[in-house]
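A quick write-up on the structure given underneath.
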């Protein structure tokens, strides 16, 4: 790995697809705007993978910006902080990104937006110790901001038997339409680089690389201009979906394969999103917890699509408002990108720590899944970055042969959507895979 | 001529004898101990392989019964006569009889519950529940994709107006449907129970009212009209205490006049769901 | 943001959103487009058949294609299913492919029976497009070949749109100018080059056994299409154009035709070198018969071919070997359809053999 | 040389050209019965190869004696008429032995084959092979070879068919054609495809 610095040919992985329309042109040149302060915020309690945090405030409490709302409910958990100063009006339920109502904290802003005085002072990361840095990250409630929402400090605490020799930052942003990470890298490359260096320091790793797809030359240039001083390598990657998936990214940059069922640390790597790196820098250097992030609001029917720096807990409808509304009635509201994002049924769903984009699709762009038969063309097989056979698998799942599907490695599916994207029969392949995974997990629990 | 017959018999006989000896030796060498009673019990079982007994199919169950690991009445499908005939054949106790049936504790058909969104995808409850929590407004109600109906080996579940309804007279209580429901709405209840509260949503009443016309709002009217102990409070809703005897009857439903209409007898429930169609089965649940 | 501003912009209404699984965008391919492209790739061969066989070819193509489409529609109607599958054009493609497998003088009822056999027995009883195990067109072709051997192998040199000479088995040339000229179309049974080869094999003459049909000029004729046979067995040139186009559009797995053809070439070359009287040289095998049609259009049918690269190679090699075995030793002069049908049957086993390993797969320790 | 080609015909011919199931249409019952899963088909195929090989060997051995005239107590006897009786006897005993051994060695396979295992006895392919051997007057070696390769042919057909049926199981076959109907149609098309080998030997 150590020898590979910006290879002459863009690196990639076997399989994958090239979405014909990437939609990035809508927002990739739009500078990140700071969103205005709102009156009401809805902070979902559980914004991380693992144990939900324990709420420590109660109705009527006054909070300042950055005050703790909920403490980590275990090791694999992340704290929650107030996005602004104001009063807790209620602790109840709000629509969550998965469609069902989830516990949430309602905050009425007082308009002052005062920082809490309990915040820790900024650290000089070059001098601070690794443990100091790590505990700062944990207390700042930082989770993987690319989508998985896995608590960052857990990833940075590998078990002693796993030797980590390489930190990889994911700046691929292979999802069409999304440009939040792109803008972040262009506008504040030093935050990303410093965040990367902090992680390298925590893990004691010299090899730090940021993988960026070649369709973002300005981001690569911005990062490269200052990469030297942070000891970070910038790696240009072939534009190919899903380049930003952990396993594929590791393969593209280091040539290592993460064993099936394993984690990146099994290949000696830690992979973090660039937005997470920036948040780490803020937490360490400024002492600011994770309360805001860059979100792309986009779609062909959005009047003025753009990138906004918004507080966690901002309802999506506000983003639509800032983007000057829509040209025609949207038929689909998607949190995240078009390939892996989740369709929503309410515009009141708030922005979470892992919401990288809000995508509105109009009638003409809606794809219709059909219950047509697999014609065995093999396009899904060619597209699958995990080398599965989604078509035959989906036939097994349709016939509820989940054990056979399991034997055919359905559990290795990333749900990246490359198969369903390519399927000429418009079969809902990803949904089949997810069903099989859910059923197998359920059967395994018994 | 006579000699030919004689020789033929002799010839065939010798070969048969030889083969017989070989078979005998081989079967001694490769003998497998087997219990003929397993076959016997298997023959007496219904052979639906529904798994309601908790064993992997009827053959497995037969083995367990013969081994004395479980009583023959564990088979939910066999009638009591069948169970006693198995017990007689083995000379053991049949075990006390406790029959169950399944009931879907949700009354939210498309008329009562809003279809919030259009759903485009696999027609299966587990799949639908993973996509934004399904198209219906209540996050705890029946998804209406019929996974339970497809899983029923006895065809006892009917999908009416996007709501699963169990036909008690067809249900044998095997429980195959219970595990298919991603919302855990299907409960096994005593076969003689008649009145159910068709709501499983644990949220507060106003939230339920927003999404459904027939939720249990926890008003406790049923508790007041029924006998002590027939109902119990479960969070923000009331549930029938199925282990309490006597179970509430139709008169409780009349007396309570449930304000939302989620307390119903099975007969009434079916009749409501069949509102558009003429109610044909008078003797339902009799 | 002021109130006027707010009212000026259009905000989405809260209801009527669509819920569906990711991904929310899709490539613009669909089954219909794929079928359409394959049909377009078949057009050169269709035109060639019309050039060489004249209006008879048009008649066979139209009747067969039409009956296939009607058969599909009728089945769907009888099964009380929506007629939407008709829109994917797969029935039309099956009909056209079947037409390419019929002789130009096939009577109308053969075409109709073929169309119905292909769609009903070959496809719809299995559950429609995607579920058929065998190539529908080949099911019909083989069924017709077995049931009506005479009708399916009587090649009448009716005139094409071009005035030309067709060669009879004896080697003499019969000049035919136009269709109209031969008032009573006396059925002059002639053999395809492969048939001639089989005929010549009966009187072995060492290395010169196949000399009458393997002259240089013959090869040119074979390549351009001046020979007898089914509609699709004529012009290698037209088939190559279509096949190469398909390969470039990545609509077929290139391994299948390449390995199919290469196997036939290698196999026949070996046999020809060892025993020249056994079989004509490989070039003859490549240019005659239904090899190119089969390799490019029939074996590559997505539904009935393996999904993995390794599987496709094995499939192609298998088709090639069986074709050669039947051509060289078998009772039928042509083995392409049989070989593809047989390999279709083996596809589930091949797929199992070449099951993919997931990315980063490690064998679990026992 | 002459003898060699003869054996080639017996082997290749038995597998492909005169395949017991697909062109002689013998042994169709287990062919349809045990082809639902690939692994049971493999087991059944193996059992049939074994039974056919041994049965062909044993029957031809016995048949050698039947055809030679026996002198018994001064009488010249011809016992050829005992052919069928003895063949049945031998095959039945063989199947019995296979069953007993299988029950011990592979209970899951024994269970999966179920009734079809004892039914190998009545599998006309086994009897057919013995009869054809007798009819053609093949020697013991040729007969055994023929039996083995006929068994291989049967196993091959069974294997292909099991693969197809596993796929059919996932297909949306119209209700009237589900089950045995589609299996027979598929077998028919498969037989048609095997017809392509006719004339090879």
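Per-chain numbering from 1; labels A, B, C and D assigned in written order.
Following the convention adopted for this analysis, a contact is a pair of C-beta atoms (placed from the backbone, for glycine too) under 8 Å apart; a residue touches a chain by one contact, two chains touch by 3 or more.
What you see is a predicted model, and the numbers here were worked out from it, not measured in a lab.
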Pair of chains joined by more contacts [C-beta pairs], B-D or A-C: A-C
Whole-Å gap between the CA centroids of chain A and chain C: 48
Where chain B and chain D are represented by their mean Cα positions, the distance between them in whole Å: 45
Inter-centroid spacing, chain C versus chain B (mean Cα positions, whole Å): 52
Where chain C and chain D are represented by their mean Cα positions, the distance between them in whole Å: 35
Sites on chain B at which at least two other chains make contact: 116-117, 120-122, 127, 130-132, 134-135
Per-residue overlap in chain D, given as positions that touch at least 2 other chains: 172
Shared interface positions of chain A, touching two or more other chains: 99, 342-345, 369, 373, 398, 428, 431, 434
Touch-based graph of the chains, sorted into line, ring, star, complete or other: complete
Residues on chain B engaged by chain A in the complex (per definition of touch): 116-117, 120-124, 126-127, 130-135, 139, 179, 182, 203, 207
Residue numbers on chain C that touch chain D, as the complex places them: 79, 121-122, 124-128, 131, 133-134, 139, 142-143, 146, 322, 325-326, 329-332, 335, 337-339, 341-342, 344-349, 352
Chain D contact footprint on chain A (complex, rising order): 373, 395-396, 398-399, 401
Residues of chain D touching chain C in the complex: 38, 159-160, 163-164, 166-168, 171-174, 177, 181-182, 185-186, 189-190, 192-201
List of chain A residues in touch with chain B within their complex: 93, 98-101, 342-345, 368-369, 371, 398, 428, 431-432, 434-435, 438-439, 442
